[in-house]
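Some structures are shown below for you to check.
In what follows, chain A forms one complex with chain B and a second complex with chain C.
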Partner chain A sequence: MSAAWQYYVITLLVFTGANLIAGWSLNLQFGLGGILNFGFIIFQGIGGYVAAVLALGPASASGGYQHYILGAMLPWPLPLVAGAAAGGLLALLVGLVALRPRRIDYQGMALLTFALIGTVVITDYPGIFNGDAGLVNIPKPLGGALGLGVVSYGWFFVALAAIVTLLAYLLVRRLTNSPWGRQARALRESPRALASLGVNVDAKRLQVFVVGGVFAGLSGALLVEFIGAWAPGSWTTDETFFYLVAVVIGGSGSLAGSTLGIVVVWTVIFNGVQYLPLFSYTTLAEAIQIVVLGLAFIVFIVVRPAGLIPERAQRFGARRLDARSGLNSAAEVAGGLEQ
Partner chain B sequence: MSASAEWVNVGRITRNREEVDIALEVAQVRRYFGGVHAVDGASFEVEQGTITGLIGPNGAGKSTLIDVISGFQKPSSGRVVYHGIEIGSWPAHRVARAGLVRSFQLSSEFARLSVMENLLTAMPDMRGSTVAGALRGRRYWRSAQDAGLERGYALLERFGLGDRADAYAGELSGGQKRLLEIARAVAANPRMLLLDEPFAGVNPALARDVESVLIGLRDDGLTMVLVEHDMGAIERLCDDVIVMAEGRAIARGTMAEIVANEEVADAYLGG
Partner chain C sequence: MSTFTLALGFGLVTSASLMFGAAGFTIQFGVTNIFNLAYGPVLTVGMYAAYVLNVDLGASIWVGLAGGAVAGALLSWFLNQCIFAPLVRRGVSLWAITIVTFSVALILSGILLAAAGTPTRIYTEPAYRSVSFLGMRLTTQQCAIIALSVMAMSALHALLRYTRLGKEMRATAANPELARTSGIQTARVTSIAWLISGLFCGAAGVTAAINLTAFDTTTGSTLLLVIVAAAVFGGVGQPYGAMLGAFVIGMATELAALVSPSLKDVIAFAILALMLLVRPNGLIPAPSGAGVGVS
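Our next item is the complex of A and B:
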């Protein structure tokens, strides 16, 4: 395989890992928790920026050609971890305000508004993350120490990304399949019923949102470490909707579904075309992708809203207890009934 | 209506207050929506370990009062005292954690959760329901969930849903959803239940079975307040009946005493 094709595969694999983490994040927030996060992309964006500036070193040391805050040169994987933490922290701050409305459609509008404001602020105030031009020359993890060529290092990064993605998957799966995940789904179905059973639904919703923010930040951090650059053009509101399309087409609420959705929408349809070697990615190609995906999305939410792999309730088996004497006494039913 | 607005003391209300354990006291509770006085100075007490019926014509303020007691709406004025603690300003989840659990008039099952998952969600202090607990993995919370499952199956059996554990709650019939909702409220380990029209749409034979479950729970010490339009069920289940009209409690007594009371009849007929 030629170097160009190898690098194509490397790019697709790394992007797939980062996009999977982002998809799982949105699936936690929207698929499970029912939070309409139309501002999703800013949480990926902040993760990328924080990971970048914590690898770049102090801004003054760069000769002043790019301006940014928080500059430091931390060893890997600290920038990655900090990027994830930044996603969670931003989700906490934004969520405290945007999740206050009772109506989830208003929450969604507030989140979208935050994202649009965030884009303007970062673009037009170059002192924060170097404005519209963005950050470049972000050091690669362990890049200097290994002394590998571009393609060899690419394969090394694939392995690194695979480990990070697998770790994220294991954590997300634990969350999704746990009583915590079940409560998140109950929150989506009926917040007032969940409140009537003793769960603080505002706190729960914020928790789901922040956990999602951590994984969104992680996905941005992973992307930035591969690309080596990060600018407002790397995290546009369009992309929020492509993640949403992937999660819904795959099967909102289903971990397998959002995984499949990300691979189909992002790896095959978007990046697969975008990074083809010797192929000039045109605005026409992009327009076709958007129209095709947009129509597919609409067909799914009208005809098959559960997606390709629908969410499934956990099954425990229908067990009859008739044979066991005494288990049906009122006292047994009451269980922990006090006094 | 002016005559019926007076508190009519009938029946057991005359018992010495020192002798009874009061689970819930509603004192001059008002709840206004702009100029509408949905609850307008309701006062009554509920004795521990009894089933109290709350009846009255449509618009009497029963459901709003249930909302106020359970923390879903704040009283405009007045006090709600639960086992000696003023809870009028508490949010709904805190009221529920204190053991005062309500059901809803309109079904509010978790539709895309299975019937069993609905019950598990209600069980308090389930391991693995925090982020940290969830991240510790199945081994950490499995035994607690298994215990919950045992209890869940017993509950479902009791409520005639024994073979529906794995069905999506949204697939149940209207009557089965009502039953699941009661079962789910019981799963939350309540000391007191507020049931808002629990038998609406439940087939009569099954409703009779559930009545016996409720009586069994009462005999175990659970206190219940029941809003219901089925007077037969009220008569069979309730130790005491409170009649509401125009946002107030206008009469209280046994069903027989209530039926014999002319002012109550006036209230129902809009007299």
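Our next item is the complex of A and C:
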């Protein structure tokens, strides 16, 4: 393989890893918890920014060509961890306000407006993260210490991204299958039933939202460390919907489903169209991507609303709950209570 | 004539334009309960329809405004007829339809981008003549926008309050099943709601474009968020709440611009965030089950 092709594959692999983490995050919030997070991308955005400034070093040392806050030069993987924490912290702050309305679509709207505030604030106040121009020349993890060529370093980064992605997967799977995950599902299916079991529904929703925010921040941090640059154009609201579309097409609520959805939507449709030599006119390529994804979503909602790999009916603890009643999921208990 | 009173004048114009948008958004939401994110590109389509009439065909900007409103109405009606209504009939859940409306928004903006490209557009308007009163100085165009908006809001009020159709819309909003069993053709009422919503949407787009002086394919989507902020502020589905929300947010953005121009964009959302903290379900919360609340 030529170096250009190798680099293409490297880019595709790293992006797939980061997008998988983002997809799992959205699957936690939306697929399990039923939170319509239309502002998803700002949590990825903040993760990227924080990871960037903590690797760049103090702003004054940069020669004044970019301005930002919090500058420090921390050893890897601290910027990555801080990026994830920043995603969680922002989710906490935003969630406290935006998750207050009763209806989930109101919450979605509030989150969408917060996403716009984010873009406006970062663009209008260049002192925070260098405004519209964004941050550049972000050092690569262990880049100096290894002294590898561009392509060999790329493969090293693929390994790094694979480890991070795998760890994220194990954690998300653990969460999804735990009692915590089952409660998150009940949050989606019937908050009233969950409340009747003595769970504080608002606190639970906020928890799910913050955990999702942590993974969103992690995905942003991983992306920024690979790309080496980050600007408001790297986290547009359109991307939130590509993630949502990917999660729904794959199978909302199903971990395997969201994994497949991300691979199909991002790696195949998104990059597939983007890198077709036919569409060197980028505006047109962008327009075509958008139309293809939009149509794909509508077709899926009609033909296969549960997605490619639907969420499995939950069967757990049947013996302990009550075998005779045949109730075998929190959702069914919830359904029973509602009738 | 202080800068303060000047800003008040601009606030009135911005509010007037926003009122079209917020009222249109909320009327459709009240009747159908669908959060229509495709409203943004419909705003933009209105702007371009007016541009074609005004610049390409040489008509006056007011003919363009009418054309933009009609284009918005037709597109909105068409989208409901071909996409949203069939999905509702199939029993697709409302959150899924919300994402579908976004997909439609993406498709429309993709088509707009492919058809119109990225250049910014400006309407051909007659030379400005300014009118001063109460320390405000407005152009005749801006005065006309305010007058049109007041007329449209009064017409909407009369429609909801005094006509049979208005009563049917309110009934459908309050309880679709009951409305149907009482002999109201809810499908017809719903499609009329989409039509009216689109009409207001197109007008909102064109007036906003006149007010902003220039627009491109993304202007509508940005504007949508301010409109949503106004609608959420007032309690979504509440026409009078939306008008009030539009007024408050329109005024606040222009007055904030006095302090610092970069505050202008942030203030609308700061107000919304504050509102969500204090009254999470809007100034005039919809009764459970929502609906167009006109009592």
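Keep in mind that, in the parts below, the second predicted complex is superposed on the first by the 306 of 339 C-alpha atoms of A that agree within 3 Å, B and C clash if a C-alpha of one lies under 4 Å from a C-alpha of the other, contacts with A are read in each partner's own complex, and residues count from 1 in each chain.
Following the convention adopted for this analysis, contacts are C-beta pairs under 8 Å (C-beta built on N, C-alpha and C of every residue); 3 or more make two chains touch, one makes a residue touch a chain.
Computed from a prediction, not measured in an experiment: that's the story for all the values here.
Visitor: By the touch definition at the top of the document, which applies to A:F241: first (chain B), second (chain C), both, or neither?
Guide: In the superposed model, A:F241 contacts chain C only, not chain B.
Visitor: Of the two partner chains, chain B (first) and chain C (second), which one does A:V303 touch, if any: first, second, both, or neither?
Guide: neither
Visitor: Mind working out whether A:S178 is in touch with chain B, chain C, both or neither, as first, second, both or neither?
Guide: first
Visitor: Looking at A:A145 after the superposition, I want to know if it touches chain B, chain C, both of them or none. Which is it: first, second, both, neither?
Guide: It touches nothing on chain B or chain C.
Visitor: State whether A:S190 touches chain B only (first), chain C only (second), both chains, or neither.
Guide: In the superposition, A:S190 contacts chain B only.
Visitor: Answer with first, second, both or neither: which of chain B and chain C does A:F114 touch in the superposed model?
Guide: Touch status of A:F114: second partner only.
Visitor: In their shared complex, at which residues does chain B touch chain A?
Guide: Spelled out, the residues of chain B in touch with chain A are 70, 72, 91-94, 96-97, 99, 101-104, 108-114, 116-118, 120-122, 124, 126-131, 133-138, 141, 145, 149, 151, 153-155, 157-158, 162-166, 168, 184-191, 213, 216-217, 219-222.
Visitor: Write out the stretch or stretches of chain A touching chain C in their complex.
Guide: These residues of chain A touch chain C: 34, 36, 38, 97-98, 100-106, 108-110, 112-114, 116-117, 120-121, 124-125, 238, 241, 244-245, 248, 283-284, 286-291, 293-295, 297-298, 301-302, 305.
Visitor: Inside the complex, what are the residues of chain A that reach chain B?
Guide: Chain A reaches chain B through residues 171, 174-175, 177-183, 185-186, 188-190, 192-201, 207, 211, 253, 311, 313-322, 327-339.
Visitor: Residues of chain C touching chain A in their complex?
Guide: Per the stated touch rule, the residues are 35, 83, 87, 90, 92, 94-96, 98-100, 102-107, 109-111, 113-114, 117-118, 222, 225, 228-229, 232, 236, 262, 265-266, 269-270, 272-273, 276-277, 280-281, 290.
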